[in-house]
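Each of the next two complexes has subunit A plus one other chain: subunit B in the first, subunit C in the second.
On to the complex of A and B.
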């Protein structure tokens, strides 16, 4: 187990170094001048070459690229994560302030996806090709197909025009005001959760259909166990493994989807901060946030792998 | 010399004295009304006073633009800074919040202009304090303006050209300062420059401590009606009433909550329509129209100092030909272009000079000219004739049209592409790029056509003639030159007589019409809305969103 963990840790570090290098290089080779956002159109137009040299040096952009990259890694190792190009706010402070909102949305989406997807999948699997199964399959295709940001915008507009309602417009943490906080995260949580729930419903249905034709399920039924017990104690645990795997992958979709959905709902989370940073070409913020998303994605996938042993005692890591 | 605001409380006024003074003032006003400069005298006594009916207290929730990219107001060119930071600072002079136009006293309670127009003397208020408790003196004004007029290396201030004729800035005494000009400029131009909302007065010590760069200094002390309390990046900036504000009785609200929201966005509209904001600036047309229908809400539209235009790279052969550029100018159906974006951003038709400025061709006359008429057939006919004369009767193919990635520009680009193709058989390939890349491409000459927007500080043509149309002007992206225009623009800058200036501006317009340095698409408008409990602010007659954003006279009913 330790060997396995060490190997996974090495893979994770290599993956993250690859991500960091890619994002660092991409952001620097992309065309466009970050000084436009800093100085504005008029300031940029009237900037003299001397001014440019001085400002680029102030921003740490005049050093050779390898030096800039090493400085960044040093900042990460020291936990500083660097400062926004523009206002001088630290990226660590940004993550501490906005991260909890995005984390709540991701967790809520995951919980909703399981709460909705699993029962629908079970129902579909045990009544295959029935009316509820058909409805469930149609709904799951619908929720997979609908773009989250579009659904989000519809919800925002419907609430606004029918009820004159809009969720709080600035960050309110759960420990400051749980009700206000709930209003911020519930919309994106539902939109992202329903989309992921559709995947889980389809995956759990197909896995369960496979498992319920196995001998041990037939044996359980032959012993006279009630159908509920057969499902909950025998079939479901064996069908869960692929569902857990896909949940790890789906978390990546939730993280990616939250960028657009947070924007649609006007939620001041990390996804929105990333969009703004991209527009501003605040490359320090962009590279740190992309790396943070990569860290979360890698960590979740390691946890998913480790959960296999817990879900299926036959699996052993060596 | 004393400051009338500080002296006001020492004056006792009985009935007899009041009647005598009222008589004198009335007689003075009657005489002054017949003098040549009635506006200046009246303006000099027009320091903002609290509305007698005003109630005090409360929190004003104001939604405006996204967060600033940095905190240095002097170096900025966006309302992201002015909208959030202006309430914390004062300027030497300011525009009256009543009309947004009249120049009135601010930190300077009086000003004198020498007869030759080469010396501006400002008399500064006494007893003014910065938010950190330091006294405000002429040294702070000198340090502020030395920086604006002659920025140190690495500091870029878009307003520097306004003060190109300022030579020495001399502190006469702690409350009097002189600006000595190398040559005179029209008074309205110079006073407008001093009254610009961008030219906030900052402490000399603040500038020294930060090596003249305030880009990353969040709350440097000002003398303004509100003081910094807290800020959450890209969310909210909270300010509270400055209890020691020099203008006693102001500000009227206790607290400002300034919310950063994308201009013309559904999010800003939703926040206002759901009453999460008391006042919204830069509303999108759909939300604004909805707000206009709501009971208890006032919605206003006003002019903004921005031109939306297409630049043509004159280093490329077909576009160097004046006939081709004139033909493209005539091929634009401007009324349709305004219509195309009517649900995205409010716009109006205009030519090369702000269409709402007193010196420009009046709108009714402009709309009689080719290129601005609702019926575009005669303009298209002339455009085709010009193309034929230039040897391009078959049209031009494959122009690279660089489009800034914003909704309005994308919509316009498609419409303009279609108009050029249909009217004069010019085919363009659209290339949508981010704003930062747009300036790289266009600045580097890697384009044929490019659509974007540019802004000026003043409505006065002398502010933007050199920047937009001047030879090597910073925003002359077309690389346009026209010696006759450049000579005329120089004369306009120096002409002190308003009527002669106006005639010269009209002549300049004619040159620009016949030899277009760009294709004017439209001029921006601003949509504001507020709940009627907000009193003291109606921007209907304002020019732009950069000069009157102090909120000191605004109160909540």
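On to the complex of A and C.
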């Protein structure tokens, strides 16, 4: 187990280094001149040469690229994430302020997806090709296809018409006013949770059906256990493993999807901060936020892998 | 590597049915997969609408009409008009053009590059494979939408930039799925025979391995069309996609919420178009997958969703 942990950790570190390098290449090297990325082609052309030099030095962009990259990594290690080019907020403050909202949304989405997806999947697998199964599958196909941000827009519109809903403008943290905070995060949480839940329902159905056809399930049936017990106690735990895995993978959807869904609900989360930064071409903010999203995604997948090894001895000892 | 060594038993079904006419084949497909066939029909219809946009659209999608602003659906404008009097129906129709063009190009580009890379990985193995796997892992470490946003920001937000950005997010999926197919094919006797008779690696990959990857390639491409459409729409919705005034479904949704009280028809119809299109392509993709290789399905679903295989 220890060896497995070590190997997994090494892979994660290598991946993260690669991730940071690609973020750097995408945002600093690809545009050619970072100031072109920040100001756009016209803005860049209309700038005076000494302004250029000053701004470049200000942003730490005058050093050679490899040096900049190493500096950036060093800064991250020291917890200095730089600051916004346009607003003067530090990126760290931005994350501390907006991050909790997005984190709440992600966790809420995860909880909702399990609460909805798993029972539906089990129900489906109990009687495959029955009416409820057909309905459940139709719903999951539908919810996989509906873009979350559109569903969010429609919900906001409906609330606007009937209840005079107003998009939250300021961040309210759970420790300041739990009820208001809940109102901010519940909408995006439900929308993202349903989409994820659709995948979970689909996945748990197919895994459960796969497991149910195995020998030990036949044995359990043969010794006369009730179908309920057979499925719940014998089949389900074995079918859950891939469902746990897919939750980790789905977090990628939630992280990416929450960017658009937050926009739809007008929720001031980290995703919206990223969109604003991309539109303003605030390169330092974008760079650090994109890295943050990738780090979270990688970290969660490592956790999922570990839980997998913990749940399934066959992997631990292989 | 032992961690992810267990590949799903990917089996490649060579032409399982004796060759009959294309029509008979299609009829058989739709009998077995009614939903997929419906998805296919709807998908083809949407493609036709996109291609024939100039013939079908009742108005010029860019023409503003200040006497008919913010009109709800009526006899002249079946789906209403937007804030500057542009006809929603015409914009949805032209939007299909842009959205489908972006999605098709991005998926074909990304999946093809990924698949060729995957064939090379699976056939050559060794260090090349190891390094490639790490690179694909890195690409998959980013949430799709966020990677696409960053890339399109870096290379400028035009049509090509958006296509390119979405294509890059599709590469690792193609790479991993096709790699696992190539891994199993390289062990087959006829490939060994090719090697024994002195065929170069390139020749064997192109003539013996690649043809077997066509079926999974088709499945991949169809399944990812829906994802690409959603990413394109999300980029447009966030204001970092194909720049306005080009009508795309995402742009239209973004336009609609700029109003204080968004008119429902502006928020509803473009989104409906996205949903119907994605639904159609997803159903078609599922059907093609079930038909081409039923045994691939559960493992495949896992791969589709992000590629942790066990």
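In this text, the second predicted complex is superposed on the first by the 291 of 318 C-alpha atoms of A that agree within 3 Å, B and C clash if a C-alpha of one lies under 4 Å from a C-alpha of the other, contacts with A are read in each partner's own complex, and residues count from 1 in each chain.
To be clear about the criterion, a contact is a pair of C-beta atoms (placed from the backbone, for glycine too) under 8 Å apart; a residue touches a chain by one contact, two chains touch by 3 or more.
Just so you know, these numbers come straight off a predicted model, no measurement behind them.
Once the structures are superposed on A, label A:153 by its partner contacts, choosing first (subunit B), second (subunit C), both or neither.
Both partners, subunit B and subunit C.
Hey, is it subunit B or subunit C that touches more of subunit A?
Looking at subunit B versus subunit C, the one contacting more residues of subunit A is C.
A:118 contacts which: subunit B (first), subunit C (second), both, neither?
In the superposed model, A:118 contacts neither subunit B nor subunit C.
I'd like to know which partner A:198 touches here: subunit B for first, subunit C for second, both or neither.
Touch status of A:198: no partner.
Is A:211 touching the first partner subunit B, the second partner subunit C, both, or neither of them?
Neither partner.
Just to be sure I read the superposition right, which of the two partners does A:101 touch: subunit B = first, subunit C = second, or both, or neither?
neither
For A:280, decide between first (touching subunit B), second (touching subunit C), both and neither.
Only subunit B; A:280 stays clear of subunit C.
Which holds for A:250: it touches subunit B only (first), subunit C only (second), both, or neither?
second
Just to be sure I follow: which residues of subunit A are touched by subunit B in one complex and then by subunit C in the other one?
Common interface on subunit A, subunit B vs subunit C: 31, 37, 153, 157, 160, 279, 281.
Show me the residue ranges of subunit B that touch subunit A in the complex, using the header's touch definition.
Where subunit B meets subunit A, its residues are 66-71, 75-78, 153-158, 160-161, 213, 215-216, 218, 232-236, 259, 261, 266-267, 270-271, 273-276, 433-437, 439-441, 443, 452-455, 467, 474-475.
For a test of understanding, state which residues of subunit C touch subunit A in their complex under the given definition.
2-3, 134-135, 137-147, 149-151, 153-155, 226, 230, 233-234, 237-240, 253, 256-257, 261-262, 264, 267-268, 271, 274-275, 278-279, 282-283, 297-298, 301-302, 305-308, 310
Which subunit A residues qualify as touching subunit B in the complex?
The contact residues of subunit A facing subunit B are 31-34, 36-48, 50-51, 54-55, 58, 84, 86-89, 94, 97, 153, 156-157, 160, 164-166, 168-171, 266, 268, 272-273, 276, 279-281.
Show which residues of subunit A lie in contact with subunit C when the two form their complex.
4, 7-8, 11, 14-16, 18-19, 22-23, 26-27, 30-31, 37, 141-142, 144-147, 149-150, 153-154, 157, 160-161, 199, 202-203, 206-207, 210, 241-242, 245-246, 248-250, 252-253, 255-257, 259-260, 263-264, 274-275, 278-279, 281, 286, 290, 293-294, 297-298, 301, 304-305, 308, 315, 318
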